[in-house]
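All remarks here apply to the structure that follows.
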Amino acid sequence: MTTVPLEPVAAPDTRWRVLRGRNASDRLYRGALTALALMLPLLLVAFLGELGTSAWPAIRHFGVRFLVTSVWDPVAEVYGAAPMIFGTLASSFLAVLIAVPLALGVAIYLTEFSPKWVRQPIAFLVELLAAIPSVVYGLWGIFVLIPFLRTYVVPPLRALFGWTPFLSGVFYGSSLLAGSVILAIMILPYIAAVSREVLLAVPASQREAALGMGATRWEAVWTAVVPYGRAGLIGAVILGMGRALGETMAVTMLIGNRHDISLSVLQPAYTMAAAIANEFSEATTNLYLSALFEVGLILFVVTVAVNALARLLIWRVARGTAVGSRAL
Amino acid sequence: MNARRLRRRLVNGTMTALVGALSFVAVLALVLILGHLVAKGASSLDWNFFTKNPVPTGETGGGVAHAIVGSGIIVGLAALIGLPIGIGTGLYLAEYGSGRLGWVVRFVADVLNGTPSIVVGIFVWTWLVRPMGHFSAFAGSVALAILMVPMIARTTEELVRLVPHSLREAALALGYPRWRTSLRIVARTALAGILTGCLVAVARIAGETAPLLFTALGNVNFNTHIGEPMEALSLQIFQYATGPFDEWHRLAWASALVLMGLVLVLAILARWVLRSRHGAAR
Amino acid sequence: MAPPADGRVRLETQRLTALYGRRAAVKDVSILFPTHTVTAVIGPSGCGKSTFLRCLNRMHELAEGGWVTGKVLLDGEDIYDRDVDPIQLRRRVGMVFQRPTPFPTMTIYDNVAAGLRVNGRRPRAQLDAAVETALRRAALWDEVKDRLRHSALALSGGQQQRLCVARALAPEPEVLLLDEPTASLDPTGTQRIEELCHELKARYTIVIVTHNLQQAARISDYTAFFYLGDLIELGRTEQLFTKPSKEQTEAYITGRFG
């Protein structure tokens, strides 16, 4: 619109430097990064493809029976994975049941009640639990946890609830209980770290509003902060659940590896991950191997679904940030 | 009314004490585990332990030199494969990740982050071990690298995003090409944080066992050839802990102490790197 | 070496419109920037003055949804031409931002040399000389010559901003764009930058965006007043500030809005 001639317009200076040209290196850079980034989705596809292909003979041979029958007999070539599916779910559920109060306690204590100077150290120590290798948990479980359970935990439990089916039978050590307790300690840091970040993401105004109405500190936490972060907290718990479902070594070393469904937590059980770890190298026939691949495929699909659900829930609270990926 | 107030204050006090106690229990678990490791493992750490290979069962003495070296090789190779891919993916997500592909990659990374490591193990078995016809340390490294990539990608992305936008603009305004801005200015500024993420990832995979069961397999002999089966500390602990001999149990505790020490050093180093440098992070 | 203002046009916008998606932030603006002059761009915040400045070195297109219509001619060449490389362009049109942005991982020396190094390797001695020249022109040499190897973050805010000026000058651009360069500085720092503008216009064509009217009056030869994305008035600075021809301009410079 506004053209304002200022001064007599003269010819511009001679061009003394290039203006034109293409910067190919930028495209190369973008291309290289894209190629690297594409590897992850391709990997996921390859995972599904490989596992699916390898599991196909078993899927075709047994169909749904694979999921609901309990006979696992490599000699007769009959495979039903129900006990390990049950064991996986039961141990993860129990682990979550034990870990959630602890983890929420840690998260609430650290965000709301603790003196400032203990926050970083305690958070660090709890996160350090995640740094302990699974196999070390297994070792500790065999030589420390199981004797401890046998002496101090099982007798009183039995005295109180021995009449229920959940505590029947002889306690030999390796059992659903031992596996679940070790799993609970292992997933505790994940749930605690994510819950803490979720609680930190709750706007201070929520807390202040409750406190301003005369609520006690605890009431503010329980009626304002926790409900606000509910979706994220559920996400944290599900994330912990996902970890527990796929955990292998410690569980293999502690759960007893018995292919049987028992309601008693004192009895040995089996999990999908443990079955693969124990039997994969022994699988001599194609169908046996295929059955184990089907177990792996189920485990993979279930954990992917559980993790996806957890992520979506956490993203809803702390949009876009990689909450929890920093947990050690 | 007064009774009600009293009750509310009582609840407040009780719950404060309770969450404090729960935190104490969580920390106690760590202290107990580390304490037992030291108590049961430290006495076995001697010169032989670090320099000798295992002796036949029944004899005493011998060490785990082969497993320490094996772990070093397998984890080192995994880092060599996993770090470039992970960092590259993280840079992609930070630089170009606003579109649909970025969303997909981010989501897949988060999902793979939770994949059971045993599943990664059997996947690599079908991919590398079965076609090659034998177990190898290389396959083990690939399995561990697959576990590293999503972790590193997400931390790298997060830390690169923390670099102020103004720095990127300043570089571009100076005639920096985008790639150079990304690497020399942005990634360089976030380097301490990225390094921390890498150390944390290495610390985590260093203790992994399940992905190595059907890839690196383990080996009673000293071996440095990555095309052959190789022992790792974690595999060694599994074997010794579940075996029947007291001598094995003793070595298992000592190996666990060494492995834990290694992981702790990496984790603490990671914290230290983050604190001692200016720039990004917490 | 410094030629006087000769009335040549270094930079020119022709019917330039800058958009974010479908929203125009700068509408149909045509301005000439003669060589060796300082042109101030003023206006209330949100008037599009920063966006306008960013069109001059093609930084605008890096923003989410940023694109332009119209032309920007640098020495008669349209910088939005298809085969123009924005990276080459930005080496000829330097820019300094609102906040000092020294590269935190580099030393003072490396900061200044950064723009030269991306332009290809050159001998050490030549680089040393160019860095010294740039720092002298930015009136920073005497303060930092003994600590060129120290981190740039050790400098004060004002020094950091002059460092950024030196960094922009080192590749010998023809045009210097200043985007509210004194917004985050104390009065002393502001004064140094203003003095610098006077000295630098002997060599460069300067466009400065500022929200400080006194500053515009003090340092510029021409002033452009933007309001809601439109160029309302453009003229010699004394004239625009003493006898504005548009009512809106008068309202703005007398402080009735903005």
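Letters A, B and C mark the chains in the order given here, with residues in each chain numbered from 1 onward.
We take it that a residue touches a chain if its C-beta (ideal position, glycine included) is under 8 Å from a C-beta of that chain, and two chains touch if they have at least 3 such contacts.
Every value quoted in this text rests on a predicted model; they were computed, and no experiment measured them.
**Student:** Which pairing of chains accounts for the highest number of C-beta contacts?
**Tutor:** A-B
**Student:** Need the central chain here, defined by C-alpha centroid distance to the all-chain C-alpha centroid.
**Tutor:** Located nearest the centre of all protein C-alpha atoms is chain B.
**Student:** Provide the C-alpha centroid distance between chain B and chain C, rounded to the nearest whole angstrom.
**Tutor:** Spacing between the chain centres: roughly 48 Å.
**Student:** Using mean C-alpha positions as chain centres, tell me how far chain A is from chain B in Å, no decimals.
**Tutor:** The answer is 15 Å.
**Student:** Chain A to chain C: how many Å between their CA centres?
**Tutor:** Centres of chain A and chain C (C-alpha means) sit 52 Å apart.
**Student:** Hey, what residues on chain C touch two or more of the other chains?
**Tutor:** 87-88, 91
**Student:** By residue number and range, which residues of chain B touch two or more other chains?
**Tutor:** 177, 180
**Student:** Pull out every residue in chain A that's touching 2 or more other chains.
**Tutor:** Within chain A, the residues that touch at least two other chains are 23, 26.
**Student:** Where on chain C is chain B touching in the complex?
**Tutor:** Contacts found on chain C: 57, 59, 62, 87-88, 90-91, 94-95, 97, 99, 101, 103-105, 114-115, 118-119, 153, 164, 167-168, 171.
**Student:** Can you tell me which positions in chain A touch chain B when the two form their complex?
**Tutor:** Answer in residue numbers: 23, 25-26, 28-30, 32-34, 36-41, 43-44, 46-47, 50-51, 54, 101-106, 108-110, 112-114, 122, 124-126, 128-140, 142-144, 185, 188, 192, 216-219, 222, 239, 242-243, 245-249, 253, 273, 276-277, 280-281, 292-293, 296, 299-300, 303-304, 306-308, 310-311, 321-322, 325-326, 328.
**Student:** Tell me, which parts of chain B touch chain A in their complex?
**Tutor:** The contact residues of chain B facing chain A are 8-9, 11-12, 15-16, 18-23, 25-27, 29-30, 32-33, 36-37, 40, 84-85, 88-89, 91-93, 95-97, 101-102, 104-105, 107-119, 121-123, 125-127, 146, 149-151, 153-155, 157-158, 177-180, 182, 197, 200, 203-204, 206-210, 213-214, 234, 237-238, 241-242, 249, 252-253, 256, 259-260, 263-264, 267, 271.
**Student:** Of all residues in chain B, which touch chain C in the complex?
**Tutor:** Within the complex, chain B touches chain C at residues 164, 166-167, 169-177, 180, 185, 188-189, 191, 278-279.
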